[in-house]
């Protein structure tokens, strides 16, 4: 064990000393009775069963190693975090921590743990569990995917136990919106997993074959049974720590079962056949076919508006092409010219994309910051409208010429390239088809190459053997920090030019510095100004084209209350604890 | 017989080795790997990615990897699944059972239906032939899709569960289970039926004119006895071969149906594993499939051997 | 008229429809019309809006309902007179290989959509014809090639020395078991991104044939062995006939019905797998059309529910397969069908 | 007393075929008393079998029948439904086939097939009793056997046991012994007579062999031109073969030394391999142009010997010398042209897909390279066709369109196409009627004289070849036990098997 990750429990005398040294903005209140979280607006009816589905089988039930969407959805229901982002208001709210205080320097966070909280096996939740959990997440041997989030400037967050229900987190430097980091970090039961960590077998713990009794969490539900390939059944966690307005313990539902549908069609069929109670993340065509398939009073369709996901057209601006990819390097000479990118953007008919591909359930975008990010989106930027004359002008100014209808570059080479897209994603291949059609209006011969998902990703992230790519990305959070890996030139979502040691261009350098700067600022306005500036730089440079942001579409059985699509993981199921079945006719 | 069985097994072992080796090589040749998607995981540094990769799937020369795999496969251990963090054997076991159940039910259904239909004579037989041709001309996925669509339309009349439903309500109850199996099994059976019908009808037609069958007829034996004790054995040899082929494709035949009806079988798992490049799962699944193919061949030969006393006395 | 004869005539006419796709089609199959997505099939009337009979048929084009996506109404539908033997100015340069740009019918200022349009407002009827041409060309060539390959392998395995037989059959087992999906992925990775559509078509044909021969080869080998047990083969061998002579005079004619059957089995399979190939980016890609490309877009339940005209390739291929099958059945029933045992050593009956 | 069976004015033709309507029976009438044995004589293809099928009620699918009256046991068969007739023939009639072994299902044991015929209440003892009644000394063993393990005679006995199991009042037998060797044939006839004596079963026995019918039947009817008439024996007899002088002094054409051949039988569990020797030690020699008959009961190894000599079977040990040179496998093309084989099974031996002309051309095409392409293949075929006295119209037909005799002649013509010096005829005459056999033997004698072709007949019919071969060798259990000139065979033979065969020869009716 490295010293940095060892958190010896401190003697109580020293706790007092520590406390004195701090000057906190709020007084500490330490009530003695069990401290449940009451949701004052909620009055539902208990009981009932919910059938939901997952697009794939969860691959693990271990929240530390869950990377796929199905596993994350399930683990987020089985577990709970210290602080939680309210998906409706986008504000950080207390969860397992009943309150928190930020130190004046903005570098230390003091979290008061809710006391009297129990794990789903009845054992008490204490500060030791928090310490243990972060030790797991930060353990370099375990390689938890969350680890890098908790390491800032190469130094890990330090966690200190100040008492049985008081924990302090020290950040290496001021970090804006650090409270949002705690969202989704599941707290693990140290009494069960400590021995496994010591034995070095934690990485293989809590798989799908683990007996349900050994899977213990703080979430609203706990595992009842798992049948490989068939279903995963969760039952009500009797020790859950939330209550509704009438002090009735949550969750309302007795049981939730997940079946596995390989694709959206299978899901929609089962939903229509009455075997599922809710489906979410629908594509526009499934959504509209559901509208027609179902007798309308049984099903409620929910359009949550644009989410954090957006479709984009990626230019291959990688610097490593010349050596071994002459073909891609040749087409890259055009993409490296800003006017050319601008002209392509002007040639894209975003309205047609929204209309034809998303059946009007999407919005055109000006930048990767979608409307779901609320105040973070720069209102000065407007989605580029189709403007072929301007596009032609830009191209002509940049030395491009037309012969007949076809476009030729300065050196007399015909302008032709390929657009790759994921073949399994109908929307993206549709976008690619329409883009090729749009570009044809400029005299560009663009051909669409649909590729299988991993072959596609391999080209984008590893071989860089492509010209243009249509793909979708989703911001991790509404907060700019959630988009760090997209903007930073060293980030792994900086897909247009990967693995830059130094920012390749001045504007990328400026974005880098602005991103770093906003991270340390604590003032919202200043941060927002920096972020607006980043978006403006993006709009001027267009390293990729943000096309549209699809709406979050879902459907539920009409009597189910409490479900609403949300932009952050796990989407609609985030507040599953407050789902209930409406009684009555 | 024993020695020829032994040689056959040895040969089969060779082809199993070839299958697994080829599978390894092709997996290596396909672009992308299991960790490709992790590269888009925001906030996952390249170093972490590398160490995750190194830990789960150490990159070593393919020959070495293959040798290691063979060694562990000998002990029945097919390695860990990259995606599921669990032993492949545990992952496959139940799904193989499910797939066998579905394919088995489908194939049995096809055989029963085929036997029933092929005993018809005269005008009904011509209609059956036409029906078989029609079924033959509809591609299997389309057939399954049509069936699903019809079931959905008729749902109000006769609710058949589509895909797996809540386990507490159904898997424990036999009748529910049968209802659940009905639709996908029917889709499988209808897909397989034309082949079976064609061979059954052909075989029965040929058997009608076999001397022993004519003799039985002329002796005035009751038609039922003629059918079951004379025609059927006479037509059996090619049918047994077909049956063996059917056994061989038990694991692979139901892929479309599984995916479409959401049946929790091997097909879906394998398809996803292929798309995810979950090496060990793919190799083990393919291995099982190849094993079944070989066993099916062997079984068919054994049945032929048991059925036809003349085969037992071949010249050495 | 007998069924096989009817099937033959039907096949010839049907093939002509696809062979002269350029003439029968009404539009460029790749032309996008953003204003008319998911237009339902347009009706043809011989009466004018006023109800008078006209010899020249009218095309009834439904009108889009404003504000709603892909909703059309017959109210206020436009009655457009159809013209015959129209010459369009712009030849379909991308895909049309047939000479000239003469079309059977058309309308002024646009194209009739007999089978409606797809999600991008492309004409389904024209796509069906052009797509059928590509798909049938690939399917027929690939199944023919695979059947011939299977015939060769089956013949060699069934008549050659046991060691070669064993070797070939193990190869077949391997071919059947290995997931070729990976190979296809690898092949796609090796090919340059931009492949000429015709090269893509040729490559996918070759790939299908190279992978698909194994199963039929196994069956044909069995038939070969059964054929070799006939007394006339023994007699020919006693007279000194070479293996090639025996194959040509006795075995191949015996194999032909089964080979034809195998061909008909492969054909629908290959046409279905063309869908999978285009999924991998290997098969036919835009702007070339194929049924696979069309069905890839239509394999969603929503399409089935809302836009049934988009799955018209299915309704088109079923009668095609049916008539091929009826013909093959006829060819196959010239001799009673036999599926012989697949084991060589145990099937030889004692004399 | 009412007759057991009466048939009046039965006419039968095969419906419109490509060659028009083929009349088979014309106003055939027949009446049988209970317990009477009636023989029905006629050349092949004259409609004997069709008549039997009409009586049974299972006519061939294309047959069109007109009949004035058809009564059996005082019941009108014409008024009965199909299923009533089926029950009637199941309970009251028995039927015996020409090829008994093929008529038993190869997949089931004798006892279960016999049980199918017997009433449901039959015990095992009854079943064994029925088998014992058919002359089996070890019925237990026979009951457990599969049909292919039985010899032809045994299979015919099983068939008789089957047919008589239900104690029918009428037994119909279609060439019951023509596929059997003479000794077995004798046994079967004895058995039938015994059965008649025991149960008063009436029998209608069909054969092309007047000698056989004369030996058993109370009266013989002859079926000619579709009508039935009483049989009058003719006195025509075949002339003796031309004596070929001097060939015994010439260098032998074929020499066989210590030929051995064995089959192996496998058992799955416990695993045993049983080797069954077929040819134990065969040595013989043959002069050019000589005619040798190798006679043996079924199972004596005749066919195997023929196949070894023809080079089809190469796993023998020993030595075969042809014209002084060893014929070790693999055999040269030239030597294959010299030795030609004719099989009994002409249905299988001629490719049904090819025309007769193509079949005849095949040997020439095979040997085209080392003999040079014959300038006039068509001419050659016509010559050969004339030699075997076949009409030229047959050339464009295919084997299924020919009768058995015609096919046999085609097979012989095919064998002679290459002008071989040795012809092997494996039961090539069995199953043909007497007149046809005579004409083919005559043809072979002529060819022998013209082309100096040596012949080896592999046969069970000693009686016939006593008069038509130069030498006769007796093959018994894989050994050549006797080998004498034909004329002296009856005098010189000593081996018990030879004596048995000689004893079993039926006298020719009306013959000397």
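We call the chains A, B, C and D, going by the order they appear; numbering starts again at 1 in every chain.
Here is the rule we go by: a residue touches a chain if its C-beta (ideal position, glycine included) is under 8 Å from a C-beta of that chain, and two chains touch if they have at least 3 such contacts.
On a predicted model such as this, the values are computed, not experimentally measured, just so you know.
**Student:** When you take the mean of every protein CA atom shown, which chain's own CA mean is nearest to it?
**Tutor:** Given all protein C-alpha atoms shown, the central chain works out to be B.
**Student:** Select, from C-D and B-C, the pair of chains that is joined by more C-beta pairs in contact.
**Tutor:** B-C
**Student:** How far is the middle of chain C from the middle of chain D, if each middle is the mean of its Cα atoms, in Å?
**Tutor:** Spacing between the chain centres: roughly 54 Å.
**Student:** Centroid from C-alpha atoms only, then distance chain B to chain C, rounded to Å. What do you get?
**Tutor:** Inter-chain centre distance comes to 25 Å.
**Student:** Taking each chain's centre as the mean of its CA atoms, how far is chain A from chain B in angstrom?
**Tutor:** Computed value for the inter-centroid distance: 39 Å.
**Student:** Rounded to a whole Å, what is the gap between the Cα centroids of chain A and chain D?
**Tutor:** 88
**Student:** At which residue positions does chain D touch at least two other chains?
**Tutor:** Correct list: 148, 263.
**Student:** Which chain C residues reach two or more other chains?
**Tutor:** Each of 185, 188-189, 301, 350 in chain C touches at least two other chains.
**Student:** Could you tell me which residues belong to chain B and also touch two or more other chains?
**Tutor:** 30-31, 305, 310, 313-315
**Student:** Along chain B, where are the residues that touch chain C in the complex?
**Tutor:** 4, 11-12, 14-15, 18-19, 22-23, 26-27, 29-31, 129, 133-134, 136-142, 145, 149, 195, 198-199, 202-203, 205-206, 237-242, 244-245, 248, 270, 274, 282, 286, 289-290, 293-294, 297, 300-301, 304-305, 310-311, 313-315
**Student:** Hey, which residues of chain A end up touching chain C in the complex?
**Tutor:** Within the complex, chain A contacts chain C at residues 264-265, 268-269, 285-286, 288-289, 292-293, 327, 349, 352, 355-357, 359-360, 416-418, 420, 423-424, 426, 430, 433-434, 436-437, 447-452, 455, 458, 465-467.
**Student:** Which stretch or stretches of chain C touch chain B in the complex?
**Tutor:** These residues of chain C touch chain B: 166, 170-171, 173-174, 176-183, 185-186, 188-189, 222, 261, 264-265, 268-269, 271-272, 299, 301, 304, 314, 317-322, 324-326, 329, 336-343, 345-350.
**Student:** For the complex, which residues does chain D have touching chain B?
**Tutor:** Chain D reaches chain B through residues 53, 56, 58, 85-91, 93, 95, 97, 99, 102-108, 112, 116-117, 146, 148-149, 162-163, 262-268, 271, 273, 275, 315.
**Student:** Mind pulling up the chain B residues that touch chain A in the complex?
**Tutor:** So the residues of chain B in touch with chain A come to 30-33, 36-46, 48, 51-52, 55, 80-81, 83-86, 90-91, 94-95, 98, 148, 152, 155, 159, 161-168, 171, 259-262, 264-265, 268-269, 271-272, 275-277.
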